[in-house]
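Please find the structures below.
The two complexes that follow have subunit A in common; it is paired with subunit B in the first and with subunit C in the second.
Then we have the complex of A and B:
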């Protein structure tokens, strides 16, 4: 029998095409049908452990479960508040906190370019007044050190995933984040210690006095050319102190609640503590940006008191004139050289003792 | 590569420098000797030396009155550091594996944290006092700051690596500790060993003169 080779080849090619095309054809046919509803067992499980997904009548049928594990809320599998907390952290806290901190830094920068550095009106004098004792400065810088460490490590924990992770990559960021977490937890209790020391050492001079409100109403003399008289601490410094004690206290207490989960606090309290901790910390960081600005580049002679312990007489006259006048009256003004060379035997005895 | 270097040769090198350096410094101090006392001794020098070595752990009344912060911060730092160095679980394991061959009792986790807090608070306070007091600032040399910074960094890196989940943090801690070991014998940190010699010398000299120093 004579075989038509061409015909056979054509048949084989057609068969091959059919084999290749069939699966695609089969998919098209399948997709044209309605999908088969297969009940997802995970959905039932989710409904069972998460009663708030159900109508109230049915939710009552799913009370808190029991567990072999004895602990706070160990019978609760799904924490509904956790979703709200996560939503708040991601959608509100991160953007609002970020804008607030960036805004504060921008405001300080703008203020510097508009107002410029606040200079001592008559320039530096050749006389000094002792402003802070060694112990007072130690406590201030102890607080500053701890606050900045906690501030930076806290910012890494809060914003690191959004800002640093894309830039650093997961490997480097995981090292940084782990270190920041351990460091933040370790130095946290030291903030409480610094806060207590700060309160004990500075509280007397931060009680509001007559004239403080006038200082505030006149804008503290920072805007315009007129200086406003004030005592050892002005209204702004006193308000910063009380903010630190109250808001810082909230940070410390909420931090303790987060750090030591041994007081039978449930997840709700932990989440609330985290929210309070983060909001209070962002507020405090914003305020401290202003404090650092005015204490360093914003004002001539402001850092000196906290570094050497002595301030320039003309600086004191400009910014704390009532206190400066009392120091002059009581003969507590020193020649500049003596304040540089000399020191008091007792580091706690400042010459301004009793002068507030 | 770097990890192998830090874990291996650099560790043995730094330990050798530390041990030989400390021995060399102590031998040099002992070889320097003391001038012969020709006077008839009123009391024994040895008893005076022993008394001074231990009695000076309790400071004089004037120091207690005028140097409360340095005293409290000093004890906080030294006791905290001692506890961290010799009683922290990771350190006990490290010593057992690399040096002694056996371990000993270690602090529970909470006590480790307390010791670290106490040591950090003390060290930062002492550092600030050194910087802010005009007398100590004048007396301090670069060596004092170098020693403080190194000890601080070793403590900090150790605490940051506490989770023991990130190898890089452990290596940073070990590397800084190795730098400290190399620096130690040539610095004022030697007071960890030489305090006994200086106290003993003063105590013995005074003891021979019949003075309870």
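Then we have the complex of A and C:
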């Protein structure tokens, strides 16, 4: 009995030991049959040369490789901004820009049908005031044609592949796109010149003044019954001016960076310039759609100032009442009949400078 | 069809620039352009490695995605080629490419970019194979003659591999296995005795049972 009892205990103990030992044993068996993991040296290398896989702080300090091939960034094996730029252009700029521009045109159209043309309240008068000298009109139209040309040629490069290429065919579209690109490059610098001329000529009258905030708060009087008094330029026109100078300036500067890839500027700078160029251009085009609308079909008497140089007295009273009043006080109101005779030379243009 | 790829074995590349020269000569590459270049990292330091890089003929090529005139096309061999008659030289592919493959000859007035030039995998362009026109615009069309790109064919250490992706990845995989990690990680092969050979494994890393 005693022996049997002992034997049972021994058996139990052995069983217990086996149970404890078995997982360890099983693990040992498994490890001997584990597949060999051979590290691929290239993975470490590609990780090391791709700054995208590094934290931003390290990526900035990323050591550039060297190359016997001379060139800007020829030692950079992987340009990490390339993919972000692609994402910006294809996934952000194209849809957002497209919807924004189409939306702006649709909004203008809707506005025309809802609000209608802004008419001169008391109708056209038989008196006129000189608004823009020949030189001022020349600057405006110089800017306008340059802007529209650059705008359309830029839009061809941006949306042409999706909108024009399918029905024009690759050969024909290539000719158009090539012309757009060459024209854009050739006439681009003239935009900078137009911008400088416009700034010098119009800056004084576009400095924000007392009353501009009221104009803004009343929405320029375009919705309400009454127009809000303003000077030679109202708050909206001043804002357009400053948008053109600042946003247009960004377009011009970024454009120059892109136009002359000979100053050792790397791809990162050029991609950034393109992003600035595109965003600024889309903003400016959207704004200009509104400007063209209100300057042509949106308002009675608005185009005359920029075409003939003279505006209707009642129009001036409606939209620039303080300026109109000063012109009346200074005796600068002319009868309309004389416009045929006195059209070519404008003796008043110099003195009108003081009227703001 | 095959899917053509380049692969550069950094353990073998000795930065001789033979591939660069071969490419330049074979394709009459325009002045100022090198379709292929060798990049060396950690030059003169421990862990120095060189890689020969050109167009990688991406499956989802950024150059083709951003091209405003859609001048890129992918051949049946998986090569990303472009049509110089359609290209307008805008430079967008140059911004988008991660590898700096598309380049522009700087010969125009006011630094205007000419037609883009890039590695063709020695497969020419859309013109008739080995025509004079194709030769002038894109260089050699070795693929049409049943040959592989000259850069890889001339590589002295066979670091640069070119060909069907499955074939060259097999070659490279065999190399990696045969090196058995011993070149890079001494600890694995000399200290850890648990390393065992797997079936079909040959070469230096094989250990006796």
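Descriptive notes on the structure:
Basically, the second predicted complex is superposed on the first by the 282 of 356 C-alpha atoms of A that agree within 3 Å, B and C clash if a C-alpha of one lies under 4 Å from a C-alpha of the other, contacts with A are read in each partner's own complex, and residues count from 1 in each chain.
Throughout what follows, a residue touches a chain if its C-beta (ideal position, glycine included) is under 8 Å from a C-beta of that chain, and two chains touch if they have at least 3 such contacts.
Just so it is clear, the model here is predicted, and its values are computed rather than measured.
Applying the stated contact rule after C-alpha superposition, one finds that A:160 touches subunit C and leaves subunit B untouched. Of the two partners subunit B and subunit C, it is C that touches the larger number of subunit A residues.
Of the two partner chains placed around the shared chain by superposition, subunit B is the only one that A:141 touches, whereas subunit C remains out of contact. In the superposition on chain A, A:83 contacts subunit C only, with no contact to subunit B.
Judged by the touch definition given at the top, the superposed model places A:270 against subunit C, while subunit B stays out of reach. Of the two partner chains placed by superposition, A:331 touches none, neither subunit B nor subunit C.
When the two complexes are overlaid on their common chain A, residue A:187 makes contact with subunit B while staying clear of subunit C. In the superposition on chain A, A:69 makes contact with subunit C only, not with subunit B. Once the two complexes are laid over each other on the shared chain, residue contacts for A:174 go to subunit B and to subunit C alike. On subunit A, the surface patch touched by subunit B in one complex and by subunit C in the other comprises residues 174, 178, 181-182. Residues 66, 69, 113, 116-117, 120-121, 124-125, 128-129, 132-135, 156, 159-163, 165-166, 168-169 of subunit B are the ones that touch subunit A when the two sit in their complex. Residue ranges on subunit A touching subunit B, taken from their complex, read 134-135, 137-138, 141-142, 145-146, 174-175, 178-179, 181-183, 186-187, 189-190, 193, 307, 309, 342-343, 345-347. Of all the residues in subunit A, the ones that touch subunit C in their complex are 31-36, 38-42, 45, 48-49, 63, 65-69, 71, 73-80, 82-83, 85-86, 89-90, 157-158, 160-161, 165, 170-171, 173-174, 177-178, 181-182, 185, 258-262, 267, 270-271, 274.
Remark: subunit C residues 9-11, 15, 17, 20, 34, 37-43, 49, 51, 53, 62, 65-71, 83, 85-92, 94-100, 103-104, 106, 110-113, 176-177, 179-181, 183-185, 194-198, 201, 205 touch subunit A in the complex.
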